[in-house]
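Quick notes on the structure that follows.
Lettered A, B, C and D in written order, each chain numbered from 1.
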């Protein structure tokens, strides 16, 4: 049995309780399969010295941004949030990524610590599925010049910068005028992000394979505003047309932030490269929905039909 | 220790699997406390002969409508749905009612079969709380004459009679015009009913002590329609102003149905007598919400703040 | 200038006030352009004798189902509802259809009576755009046999048959289990239907070009139920797993109805042929949204930001 | 005809285009009726010299906080937002307040500039109605000590301080535990505020006479969260139990802001004194709803029933 992946990078986004144990367990499984392991430098920094007798005395480490180029699989230990950050950083390399979820099943992080050896072992030896997820790319234009850009796996959020403050935005899709909207802001989400922040704001759940983007108003001043789903290959242009006493903010995956000015234009399109999300065989979107959204729970008090 | 309730009536609305066991267990507890037990005639009909050696050979039985006059407590075995029906039937007597819930905690039926002896025993001996719930009264007027009326503990629903068919209704509150609305129908719910059908339709949860009525549109044609909460002492008048090819229906608690015509007026007010709902000490509305609405379940995939 | 369309069929779905005038105006425009006009037989039946001096004394008439084969354009006089019915009837022919809207702009019927001569003239002479809309196809299987089928341009609705009665359905997508749901029913809508009934039930607006289907629960018993958008090429299988005292109904576009039984399976897929919707140049989906959904209306009372 | 109000204070919250004209018109009407006029000092500061020949050369002015004590009616020129601020400032005096609305009808500001002379004249001479609106009072406790407090006419909003960041709050009502909630924040609104920010967040519309408070979650992490309406005389206690990397904020009417810390408790109750809102005879809440929420607008595309 030969390995599908020869060199695997490991990242754990933050130092949490117990995460070290899971990272070491990941290391042990990978070394057991004879895989070359590279650690993100930050992650390696809070690990104890390797106790694996067969391992070289020092771990191989690299900065985050080089991992996608040096490895042919990236393992992220954490939750969906951790995976978001690493995904944006390696998205352009096209290298597959797999998440080991600490704390229940994730929509993205699909390997559970309890089944680490079995699931990670199967993946390393070629028994896995790839789910492609597209990323969004947000670029900010001021006076015709692009002054900031970022990718987002879940969502691009343009908001007033202060809760309970309204901004007015103007939405154009493929150069066609759509509407002016007064609200606290607007969420632009990929199918991947449709089960995250956009869902809290009343957006629909979108299957990961769907080639679509959803635009969800945040506390719209207009009662007739509704989530709008458009084809994935459009160009969205959102202009900040008015903002009272606030500095509007742009957030990508709630992790990368840019301060905007009135008249700035935010252009959102699909990013050129898709994320290759690696999952254990049998991983299922609908199963994640049932488990994470608790579709089985029912309300009571209603008379039987 | 003397009993608070000397004569207790027992009703089980439908013959379900296992319900007989629970009814017999209720009988045993009541007889242990020396309480006089009266059965609804229909309920008694599907019970086996009493095996209690101390009991008289035949059970005392009465028709449903006489129970409230003969007993000083009515025990309903079933779920919230069963309790709705009995409540309407005895509402005018003011006699307290207690529900033994088969299948999890109910909003209304608060005694669990597992704790039957303890909880029912405490109630019988005076250790209980009374929650007052007001009922709605719906009267249908045609050509100025009242042609039908019913009470409702949860809700009065006026609908088109066919799903996906619209009716137009005209709403007046205390003789003030409110709106014309085209929709599949309208739900008028008490606080008690706010956690039942009205909640599925997007209405708010209302605390049982609130003196208020909520009007919830069903699939309104107008995007600006919203649930409307009004003081409990108003008179609602809903006129069927238009109905295409359908025979509109009025439902009380989804259990009592009347067929309407165009130009019929439905007048909804609070019913004169409140339901005296008897619950074990410690019964809590918010605890019911947490348990039945599953307030603890969280959605995932969102980046940590 | 030669005509793009040589033979044009005209249908007006129901006899309403004033519709005759509009139909005659359509006839006059078409004859002015030298187009051969065919009337649906039912429509012709309530028209007065032709007074056009140049016209042959009798109109050419055909049954509805033959229009798509005999004409190379079908004009529907009415509203979006009328267009739904004709669309289903001619969908398999691929012949373009254009709607003359009586009563404001429609999402589908895009020619206004006020601009009839200009807009219809431009269309006849080749100045128009084609919007492709896919239809859904619903087939009902009982004991493995297909017992009914229909197309739908807007939506396929499976409901309990009585409002405020619940059914339980089981949803499978491409043979993968999704969920069991207790509710009044479920709406399966195309992008075209997303601005109709599904929108009233809380579904998102979907752009007509989107290749997607939305599944919207109707008054779901479970608070965690949400609209679900899936790729347009899936096969949905909805099984009626439980229905209390009701005869569940299947409705296509609220116009074609089938009575179901427990254990029936409804299979919904895209229909093989797309509707060719013919619109005046400049017709815009977002403009229809702004105008019909009243996106400009704002709510008040909120403090300025 | 004697005046009902002898001394009337006039406030215009901000210097906007044209507002000076309306303020001068108000002054003219009041002087015509022989009323003693007092100006808020800030407002007087941007008025031109009085040109009224009968007026004393200098206007009488007072600081905002003294107006309620010196006058027996306060006129606010602006919109609902302006009226919010003045209401909080004079709430404890119980003096009636009337709003002259610039820019359409308001829910609170009910005198229109077009009918200024007629409506204000009628009010001054005693032909008016009083709508009582209760205010909320929010107090912030840190380590058991009250460190900040404010009233609010519309709403008290506790939020994470950064959009798209979650906080966790713990809600207690009358010392009974309700729930822990992870969300962007929570809106506590009076009936008056139910048509403002809370409505954008999915809360119900509440009639101004209702003695109730609504608690509306903002983008809750839990899909089962719903608006909750409780009796107006409860004590709400909201504890900030967790906040990642943010400084949570408390806002009263989006106008008064306090920065919170983890473990701070916000106690919200009704304020002791009600606002006496003075309106022209015939002013109607439902008419305001119809006009401001545009209840007449209908969506299209749905087949006729």
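The working rule: contacts are C-beta pairs under 8 Å (C-beta built on N, C-alpha and C of every residue); 3 or more make two chains touch, one makes a residue touch a chain.
Quick caveat, the model's predicted, so the values are computed rather than measured.
**Q** Name the chain whose C-alpha centroid is most distant from the C-alpha centroid of subunit A.
**A** B
**Q** Taking contacts as defined above, which has more of them, A-D or A-B?
**A** Between A-D and A-B, the larger count of C-beta pairs in contact belongs to A-B.
**Q** Centroid from C-alpha atoms only, then distance subunit B to subunit D, rounded to Å. What do you get?
**A** So the centre of subunit B lies 37 Å away from the centre of subunit D.
**Q** Can you work out the whole-Å distance between the CA centroids of subunit A and subunit D?
**A** Comparing mean C-alpha positions, subunit D is 40 Å from subunit A.
**Q** How many Å are there between the centre of subunit A and the centre of subunit B, using C-alpha atoms for each centre?
**A** Chain centroid spacing, subunit A to subunit B, equals 46 Å.
**Q** Please list all residues of subunit C that touch 2 or more other chains.
**A** Those would be 160, 162, 165, 197, 199-200, 221, 223-224, 226, 254, 293-294, 297, 299, 302, 304-305.
**Q** Where on subunit B is subunit D touching in the complex?
**A** 160, 162, 165-167, 173, 176-182, 194, 199, 203-207, 209-212, 214, 221-231, 243-246, 284, 286, 289-290, 293-299, 302, 304-305
**Q** Tell me, which parts of subunit C touch subunit D in their complex?
**A** Checking each residue of subunit C against subunit D gives 79-81, 84, 104-108, 154, 193, 195-197, 199-200, 223-224, 226, 253-255, 292-294, 297, 299-305.
**Q** Could you pull out which subunit A residues touch subunit D in their complex?
**A** Where subunit A meets subunit D, its residues are 157, 159-165, 183-185, 197, 199-202, 218-221, 223-224, 249, 251, 254, 293-294, 297.
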